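Shared between the two complexes below is chain A, which pairs with chain B and chain C, respectively.
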Partner chain A sequence: MATAETSLAGIAAKPIRRASFRRRETSAFYGFLSPWLLGFVVLTSVPLVLAFAMSFSNLTTVNLHTNLRYVGTDNYVRAYHDHEMWYSMQRTVILMVTLVPLWIVTQLALAMILDAGIRFLGLWRTIFYLAVVIPAVSKAFIWKAIADPDGGLVNRIVRVLGGRGDTDWLLDHPTGTLIALLVWGGAGVGMLIFLAGLKSIPQELYEVARIDGASAIRRFTSITLPLLTPVIMFQLVWGLVGAANVYVEPILLSSGLQQGLGSSVPVENVTFNLYALQRIFGDGDFGYGAAIAWIFVLFLLIVTALVFWSGRFWVFYGREQHGR
Partner chain B sequence: MTVAAEAAPVRRRRRRTPMQFALRRALDALVLVLAVVFLAPIVWGFLGSLREVYAGLTGPAIPSPAHWDNYSYAWSGEFAFSHYLWNTVVLTLIATVPAVMTSALAGYAFARLRARGRNTFFIFVLGTTFIPVAVVFIPFFWVVVKLGMYSTRWPWLIWGISGSAYLIFLFRQFYASFPTELDDAAAIDGCGHLRTFLHVYLPNSAAPLAVAFMLLGTGWWGEYIYATLLLPDQLVPLGVKINVGYYDPGQQFTLVPVTLAASILFMLPPILAFFALQKKLARGIVTTGVKG
Partner chain C sequence: MTKPPEDSGISRREFLRGAAGVAGSLAVGSLVGPELAAAIPRRRLAPTKVVFMGQELTKDLITEFEAAHPNISLEVLNWDSGRFQAMMAAGQPPDVWRTQAPLVPQWASRGQLLDLDPYFKASDLIHPADLTPANDYYRYKGGKIGVGPRYGMVKDWSPDETVWVRTDLFRRTGIDVPGPTDRWTYDDLWEIALKLKKKNPSLKWILDVANSYTWIDRHVMVQLASIGKSLYPKDFSRINLTKNPAAMEAFRYSFRYAQRKMALGPENPNKNGWSGPDFIAGKVAMTQYGYWFLGMHTGQAKASANSRLLTAPIWKGGKRLDPTITATGWVISGKTSNPDAAWTLFEWYMGGKPARDRAGIGWGVPAQLSLFDRLPTQTAVQRNAKKTLLHELPTSKVTLQFNPNLIGLEDNTAVASAYLKYIGTAAKGKLSFEDFMKKVEADTNRAIEVGKRG
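Take a look at the complex of A and B:
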């Protein structure tokens, strides 16, 4: 920043020209951001305001043109007494607390293995990342083929090991199947991010620790982990938001959408997001769906704020100055 | 020694003790097991796609004979596969190509242009990624209908033009570490900000461009919900058609092997793109890096 300033001063010798350069820079800045701003206004901010207004109305598909009125906090009160809503929130929390640790541990373990000077690094990296590029529809069909009660891969393995192997995984353990799919499908990106983080740790630290006789475990807990905490924080926040927003995979893992969006999803896999969508597109209950969605926003806001706040106790920022 | 110890980084080449040699072998074995675990689902889906049409997933683990005709049935049996493949290509391109460009431009602005409110604005952009889909979903529909864009491809183009906050972040990180000497050289040559971006920054961004295309492109390639809700049958992408599944002539039950064959065909283009961009991709993620 400082170097750019001095070099610019060199070019624009006169202070007046320099000021106009500044103004040009500001207008260029906002000009360059205008495509994003346009999209944000049309696709996000207008819908966001409308959603907020809707949540205080009795809007449904039926009374779109007649009898539409302000109902105060009725929708929020209704949500408070809605057991299914609380259940869907519970399922979302379960997804968050299982998926996020599984993701971080898998991603970090894979990154550390790749960082250990292994042969054919490129090959392994490709294999671990491959699932990320597979479209969700294909992923879902593949996992249906794995979870199938008769000829599925899991039951075949169970049978080989001497078990009965007749479990219908999609019906009896829908959340387990969902979590397996998401861990497999979501490990790759985080692995590369952790790998980049590992590469940025100065090698001298390990050298010194080795000379001091630190064991491999000690080197991991005293060097690798603390220096990776900013990356872990990043992955933690993205993981939590990602896990909270799961709703496509449950729909795709259920038998289809001929009867409406996700109406055949097993109740264990109806996440908070999906529950809101079902109220909206299944029941045509716009006002109520919007209220639930806003409760979800509030919930996610509190969770991420808590995580960011907790960072001051465990994230190690070293010597660097950090703005955020 | 525990597994954690084996996995710990051992980077310097030095004389190997028998212990280290054993650890190395254990690490090789571990990575092989993990690779099998990660590949197994894909291989299993592929094996399933070669089973007898009416057999479901039963039969020997490796089907013999292999029914390759499932693939030709997937291509032409139930619907015009190529038509919907083309739809997918169009939707992916109009949503991805402009998005990568505008995100790169915005990332450049955040990294290099000094303007009032820049940092606040950046935090704001990042904050928008936390807005969950469900909350903007219905009103978004209303907006789309009001603008006369229902059952057209226009929303995809608007998504494309508006870019992605995640990619803006990615490009900003990358451009922030760019040498500033290039800016000065461009400024002396009389380049404005836009020309500096187009002629200096963009040509040197192969790695983050590859990452951006791959991340966003694969997402749009497999996008399912918006396409289902917004588009009429002749415009929907392949994923929507495949998810309905393939049925026997009496529409009684799903032809699982054919559906799997279609799923495999559907995932081939992104996989091939990934192989083609591989090298740049790995480098891109490393150089763009992440700081919390």
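Take a look at the complex of A and C:
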């Protein structure tokens, strides 16, 4: 009887222990999450809301105590009529639609090279990932040296190939040079993510396909690509947001870092983000800059939503495997 | 019903002001990087703490100051334009900061600087009668620079239209080097530049025009002032450029150097962003810098032996004019909670031992006339520079009228920013000079509108 009682007590105690375990798990979860959550709220969410309020004011660097007032939607109306803002958005869209496909193709290609079991894998992995480790400033200076019109590597190669080799790449082709820098600099991280995706594809699928006589191209298009679509979706969203947020590299690639905030950035490389930055810290026009920044947020939300929506039609999440 | 006392609540205006202040400090941080949110300094904890932003106060100077003033501690922030702007917008500027002449009117006209007249009057270290005219850039009253209360002073200065030349590059090509006090014009300068370019085709930079264009409008303002013209109308409501033939001619003059790829700028860049190191290395033939550039020659034997400071060229039909266009100095915030402590730092740096030490190293002309006898004369280049300087001093007593509606910039004005933005395209011929100037005018007027609104 005593045994039965003990056993019953044990059974009764189990849910309590489970609940307590769950509570501990939940506490631990929020405990670990809280530093990020706190940072997100204090440094991102609250400022975003306050910036939204600021976008309805005429705040500048000098008028907080003298002439600050509510201006309604004036800043947004002004932005609507601001041709330069639309031009910077156009340049940003160009950057997004060229950079993201180039990133995805390059990253996937590098990942496939590493996944193919080549010799000196560690060495190649290091070489491919090296650009990620190099600070942005150094990367930009390396690229400036490569693109230098006088003694730069690119012009030397052009000369060897019989061309004139006197192109000023940073001035004559600023966006192309910027894209090249960004593709090189941003390939490493995406490569690792694609590599993880490739490693997760069951090898049996390839074996079966080989037995069925599928060519390498067929295996890539029918197995690799469909099973990588969730990773591609992630890379697409990540890439679009990353490309839209570019503003440091155009400044670093410009000729004079001492000449104000990106003053000497060629107009073709003035991205939407940089344009907002110049309005805020160049003109000291905080209210207007905040409005532009919020237009940028809305633009990114729409683009991201469209990408997620389009995922319904091309992203394969493997549900069929579970009989659905 | 009892009406609540007026000071019992917060008005809508005060609320908006407070929200904007917080937004200025936090929101901008989120938009352009969390480092800016962290950049807003905590409000002073100690009543005698002074926050300074600039690059003058070295560790040794800080130690020296704090030892001499144990009741005042310094918080020194390295100069960072974005951080400074965020602090200003948030209503928490540093107590004391470094600045240049064109930026002073934007703050002085909006009551953001401390009137230092009472402090100057009571000072044992700095006497207003001893101050050089360059200090007048820190006076402002009723829309005019150079009159009214003093809001700051220069740490040092120079007549900035003088030209440093590399005599070795001149001699190598058989071109005569003008004497240190020879009278010459901008046309002469152009002719010399053309000859240098022709005989030194491999020389990448012949003349640095206006510190790689960052001071382009200031140079043009001097050229225009010499013929009695201006870039701005009296109310500073716009910039007069495309319908101002004199201004167009002045800008066109500088633009010609860019077109021929003789200048230093976005169309023909160097790695440093300014011509100093390349001039010292003998890679730039001429650079239009003031006496202060003498400091760059310290310890550079070859450069010192081959460098000469020439007088300011004269603009077509104009009189000899060579004012400072930078007037780098310090101001004190009108919002400082410790004005006396802030002044103590200011007075010590501007009138104490640091000022005496600075006067003897060649990095600028002292702010006080009484320190002129400390100008260095040990080397030939120092003696030459002093000779040219003394020749220029009578022509330097002009105070340019910078536009108080141009706000928020660091070292270059909105005009220079716009110039830098389009010069690359224009110099390549992808934009006509007229269209280039139209764009500069439009960008500047947009910036002026911002200043007028706020």
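Details
Rule of thumb we're sticking to: the second predicted complex is superposed on the first by the 285 of 324 C-alpha atoms of A that agree within 3 Å, B and C clash if a C-alpha of one lies under 4 Å from a C-alpha of the other, contacts with A are read in each partner's own complex, and residues count from 1 in each chain.
Criterion: contacts are C-beta pairs under 8 Å (C-beta built on N, C-alpha and C of every residue); 3 or more make two chains touch, one makes a residue touch a chain.
Model, not experiment: these values are computed from the prediction.
After alignment on the shared chain A, the placement of chain B and chain C results in a clash.
When the two complexes are overlaid on their common chain A, residue A:200 makes contact with chain B while staying clear of chain C.
In the superposed pair of complexes, A:158 makes contact with neither chain B nor chain C.
Once the two complexes are laid over each other on the shared chain, residue contacts for A:283 go to chain C alone; chain B is not touched.
Of the two partner chains, neither chain B nor chain C is touched by A:307. Once the two complexes are laid over each other on the shared chain, residue contacts for A:117 go to chain B alone; chain C is not touched.
Between chain B and chain C, the partner in contact with more residues of chain A is B. In the superposition on chain A, no contact is made by A:183 with either chain B or chain C. In the overlay built on the shared chain, the residue A:227 is in contact with neither chain B nor chain C. Touch criterion not met for A:94: it reaches neither chain B nor chain C.
Once chain A of one complex is fitted onto chain A of the other, the partner contacts of A:171 are limited to chain C, with no touch recorded for chain B.
The clash between chain B and chain C in the overlaid arrangement falls on one stretch of those listed (43-51, 79-87 or 133-141), that is 133-141.
Shared contact residues of chain A with chain B and chain C: 39, 43-44, 46-48, 50-51, 54, 150, 256-258, 261, 276-277, 280-281, 286, 289-290, 293. Of all residues in chain B, those touching chain A in their complex are 1-2, 4-13, 27-28, 30-31, 34-35, 38-42, 44-45, 48, 56-59, 61, 98, 102-103, 105-106, 108-109, 112-116, 118-119, 121, 123, 125, 128-140, 142-143, 147, 158-159, 161-163, 165, 168, 180, 183-184, 187-188, 192-194, 197, 214-215, 218, 221-222, 224-225, 228-229, 239, 242-245, 256, 259-260, 263-264, 266-267, 270-271, 273-275, 278, 282, 285-286, 289-292. Against chain B, the residues of chain A that register as touching in their complex are 1, 3-5, 7-8, 11, 22, 24-26, 28-30, 32-33, 35-36, 38-40, 42-44, 46-51, 54, 109-110, 112-113, 115-119, 122, 124-138, 140-143, 145-146, 148, 150-153, 156, 184, 187, 189, 192-193, 195-200, 203, 206-207, 215-217, 219-220, 224, 229-231, 233-234, 241, 244-245, 247-248, 251-252, 256-258, 261, 272-273, 276-277, 280-281, 286, 289-290, 292-294, 296-297, 300-301, 304, 311, 315, 322-324.
Residues 39, 43-44, 46-48, 50-51, 53-54, 57-70, 144, 150, 170-172, 254-261, 263-267, 276-277, 280-286, 288-290, 293 of chain A touch chain C in their complex.
Contacts from chain C toward chain A in the complex involve residues 13, 16-17, 19-24, 26-32, 34, 37, 81-82, 85, 88-91, 106-107, 110-112, 204, 212-214, 265-267, 269, 271, 273-274, 335, 407-412, 414, 416-417, 420-425, 428, 446-447, 450-451, 453-454.
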